[in-house]
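In what comes next, chain A is part of two complexes: it sits with chain B in the first one and with chain C in the second one.
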Partner chain A sequence: MSVADETTAPAGEAAGAPLLEVRNLKTYFPVRAGGLGQSKWLKAVDDVSLSVEPGQTIGIVGESGCGKSTLGRSILRLVAPQSGEIVFDGEDVLAAAPARLTALRRHMQMIFQDPLGCLDPRMSVEAIIGEGLLIHGVPRAQRRERVRELIEVVGLNAAHLDRYPHEFSGGQRQRIGIARALALRPKLIVADEPVSALDVSVQSQVLNLLRDVQQEFGLTYVFIAHDLAVVEYISDRVAVMYLGKIVEFARSADLFADPRMPYTEALLSAIPGGGPARKAKRIILKGDVPSPVDPPSGCAFRTRCWKAQAVCAAERPVLREVRPHHHAACHFAD
Partner chain B sequence: MPHATDPTSQDRTSQERTSQDREIVLEVRDLKTHFATAGGAVRAVDGVSFTLRAGATLGIVGESGSGKSITALTIMGLIEPPGRIVGGEILFRGRDLAGLPEAQMRRLRGKALCLVFQDPMSALNPVYRVGRQVEEMILAHNDIPRAEARARTVDLFRKVGIPDPERRVDSFPHNMSGGMLQRVTIAMAMANGPDLLILDEPTTALDVTIQAQILDLTRQLVDTTVILITHDVGVIEEMSDDVVVMYGGRVMEHGTVEQVIAHPRHPYTVGLVSSIPSGAMRGQRLNTIAGSVPSPLAMPLGCPFSTRCTMAEARCAEMPPLSAREDGRKVACWRV
Partner chain C sequence: MSVDIEPAAATQGAAMPAAPAAPAAAAAVAAREDIGRKMTRLAKIRRALGHRSLAIGLVICAVLVAMCAAAPLLTSIDPNAQDPWATFQSPNAEHIMGTDAFGRDIFSRVLYGGRTTMVASLSVVLLGSFVGTIVGLVAGYFGGALGFVVMRFVDLLLAFPGILLALAITAILGPGLTNGIFAIAAILVPVYARLVEGATVEIRGRPYVEAAVTLGAGPFFIIARHILPNVQSSVIVMTTTWLGIAALWITALGFIGLGVQPPNPEWGAILNDGQMYITLAWWITVFPGLMLSLFVVGVNLIGDGLRDELDPTLTRAI
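This part shows the complex of A and B:
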């Protein structure tokens, strides 16, 4: 058992106020079910709470459909949450009026998975990186200077500015996406699968770049990914999501060394490779993730869990502290 | 012949761990598949050689554009113009597939040779029930009544772990999850007891826990000779006996998983393996390979990795032969 060493605590326990606090966030989407016109709710994000301190990276992991991307989009209010609170730098994002929201978004930027899908093919790299500056009324001369500075920061050069997205490789496009996100000197970056589309050798270049700019500009990251090795590498703390809920939340080292929630355990054991020792411990889960429109009662994971008991169907386990700074939602997490 | 390989003496050592006395199912010799494009010839596969013995699993690992999937399509005889096999041999049980007429290839495909793709939806017809599609595969190669083909299909579905197979054979592809559909395509590939099963990124589109299920299923096909193509070094480590590392249409390194992944020798393999992130690396910079894969039209004539290699020197302008080292592995590098 790892005992928290308070002097070198890497995350979460710092004295400073969190930069981002999400409280009881719910983002539901209506779905039509059956032919009778009744509608149901897809609970993409269901009562999620978390906080991130300035300069830290929180990793959000989970399988497709667990709600990790919707959580990222909700934080920037790119989708409209049903209820809950998102407090960014002391201000409620969900309560902000349109003009105020625009002002707030200057400090919150997003990096997407598919850099080609989010870069306008008819805009030059200079226009792409400078678009945010233009929207926020930065004068032309300053804009040019800032864009030239940014392109160097992300490891490209001024000669690339007149070119168009299709002329670049996947890794270079992601660099352009990062330069665009950095343009307005944000405090928070939500990165949604930023390296999943890249080859391994290029992925490590982009991860290094993300680390470098984080240190240089004191950025806070919400890093969403399905690749557990990447998340373990980059995150200070990690939240594991399953069917719209956070089921485990701990410091990266603690979570990977001693997962308390069976789903996390299965997820970690499913990472291929790692030699015969890991192979022997492999947990093969039965079945697929249930539909988020009609999740199981009680603990949503109980239909695939080998530890499930009667209590799991009857009572939904709450996310509670089972080890110092280590939260898990399981009746048997102790 | 740019690099003549001697498959007899050297392969014995590299295969020793697994199946040295087993029959050679597939021997690929100096295979070249090029594509004529407006910008010139793309040398997608440019002199690939490897050997595969019965019951073994060979992993082919490489990044985008390395030629790993084109190698698979070439073995399956699925290269269409402007693509063309311009050289080499594909000896499948001693018979060269490279020059085989389409009519004969057709008899092999789906029976002796099977290919499973990354995206199961692209391998299945959306308007037919999944069971029916597997039945068609059985009926194409066996003169049996449909009822019997159906019974075999139900049986196959059970073997690949599809719950409630009697009912699931009547599902349409859109009613099944990605993991279940991949099980269907594996059932289809196994339908006629193939001699060689090629899996091209079979779990790349799947979630980790579902990937573990499919890999577990694949591992149960112990008697089948498998080529597993992936970009994921972890999957290779998990599943393969031997591994071929490809880059720019060439084989860079070929040996057992223990040799190549745990103790890589080629500068590209070293770079690839060491750039994988892990928790142990947290707070440190990751190793990287500088630059990116050259455009297929601008691939260097010599060693394709020379433009990104820290060890490159003048003679790398000529492609080094894939030659055996003292431990039996083969490496294509002048400097190693």
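This part shows the complex of A and C:
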């Protein structure tokens, strides 16, 4: 089940080699299941493949616990995947030796969900933004100059540099986090729910900032979120995750106009005040997400799906191209 | 420039409407942020001195330290000079704390002995906290099998009553002040290691450490720049608490003869000199005992005050 397998072209139409390619990535965590020594695997990311072209934004959505954050963290090797391949700029991230990994990470940065937690409370803003430059041996004078540029880029000013994280509002903190991520001039930024902790009025400001810096620095984003409106706004393509798997993958406009997987339909119906293209009827899903330690047989979503038939329990639907550039994992997607 | 203005939302959660809905809360937060920004180091020290127990503790300790440091100015009598014609004198004009069985001046012995007790207890906590902090940082940050083995060994040491272990170590090393310092410092190592390990494990999981990893920071950079600064206030508070206990243990070793060797003065040793005559000559034991009690009380007051003052929510901007 590969989105970007050999036979079909990636859903995105951008030419040239992808900046990031994830192939059959599996990140499992061991869990102790009661009995002695009986250990099971929590399949946080289960056989996920996707690719991102330079300058594009791929949105990854799903409920909490579906593995979207683990996918993002796996890309930067902040957690160790079980198997699979992550090719960044032509180089295998998972095979990189520690020194090489540090060099690679310079081009892959992360923006975090918790704007306060991701800033060391005992460091000044100047030290926070300049940390990457310090680590990579940029001399002090250049560091100061670069930090001063960056703080302006993210919409703050040099007067803020002597202050400490707790003196800022949530939106300002996230701006500091963005400046830190930009300091090393990365090619790829994994944004793990960058606006979900922010006030709605501030969310749009930060999203616009992310768009602006994407233009300015030619960035590629892997944008993780649970808020579909946010994802629709910023993404070129969207992958929907459920229980560690990608269940639908399409261009943003296609996915939002015509979802093919019932789970996506249910998610979209949950957007408050959906536009005219959207179904007025809210689809309420029954029950909870099944445990990723013991996923249901066949289609993982069948336990909550109103279209479920016998075939769904017997056979796992593969992610297939249901129409050009639109992939869905459902027996009834056509 | 577009700076967000939503201080209330920042502290009270995302779904909060803009400031007008909670003007009081917003103003309070704004005021606090203002204070945090304007507070200089000097102002912080001044505020800390406003803390009553901290101020009292500092005064007590400062007086005791000054007295012992200025011993040669306060008395001209050699603390070890014996005078067979002046034994067991009660406090008088010449010997303001009296004399002991050998006619030695208690005042002089208490002052010079205080130097030994204080320096020895300070050495104990510095040595113990230094080694213990390193052990805790390494075990906590790297974890794994190494961390597990180290921390189980730490648990093993913590299971022993401290003073008993110190006595055993001194008995093995042989009596003497230096050996006593090492013995008691060795007791402190697992105590600090446990504290620092716990804090390290917690801080290691914070997002800003992960952010440093993605920036390319190595383990030693992270320990030095992120973990140590964030555990240091706990270590400082712990050190003041243990300084008092270390003083008690040093005097305990001196009292039972495993610490400072006679005839050199040390509070515990002086107490021992006087304990046989306590019904005849109370002054031999009461004065060093009083000094010791004052010192321990003073140190503990400082510790209590620092615990409040070093609260991370108040000192993030040091």
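What to note about this one:
What we mean here is this: the second predicted complex is superposed on the first by the 316 of 334 C-alpha atoms of A that agree within 3 Å, B and C clash if a C-alpha of one lies under 4 Å from a C-alpha of the other, contacts with A are read in each partner's own complex, and residues count from 1 in each chain.
Following the convention adopted for this analysis, contacts are C-beta pairs under 8 Å (C-beta built on N, C-alpha and C of every residue); 3 or more make two chains touch, one makes a residue touch a chain.
All figures in this text were calculated on a predicted structure; none of them were measured in a lab.
In the superposed model, A:H136 makes contact with chain C only, not with chain B.
Using the contact criterion defined above for the overlaid structures, shared-chain residue A:H226 touches chain B, although it does not reach chain C.
When the shared chain is aligned, no partner comes close enough to touch A:G218: not chain B, not chain C.
Shared-chain residue A:E167: touches chain C; no touch with chain B. When the two structures are aligned on the shared chain, A:R282 is found in touch with chain B, with no touch to chain C. By the document's definition of touching, both partners, chain B and chain C, reach A:V200. When the two structures are aligned on the shared chain, A:L184 is found in touch with chain C, with no touch to chain B.
Of the two partner chains, chain C is the only one touched by A:Q109; chain B is not.
Shared contact residues on chain A (touching chain B in one structure, chain C in the other): 169-172, 199-202, 205. Per the touch definition, chain B reaches chain A in the complex via residues 63-64, 163, 177, 179-180, 207-213, 215-216, 231-239, 271-272, 275-279, 281-282, 285-289, 292-293.
Partner chain C is touched in their complex by these residues of chain A: 76, 78, 102-103, 105-106, 108-110, 112-114, 117-123, 131-132, 135-136, 152, 155-157, 163-173, 177, 180, 183-184, 196-202, 205. Those residues of chain A that touch chain B in the shared complex are 63-64, 169-172, 199-205, 207-208, 211, 226, 228-230, 232-234, 252-253, 256, 266-267, 269-275, 279, 282-285, 287-289. Listing the residues of chain C that touch chain A in their complex gives 1-7, 9-10, 14-16, 18, 33, 36-37, 206-208, 210-218, 221, 225-226, 229-230, 312-313, 316-318.
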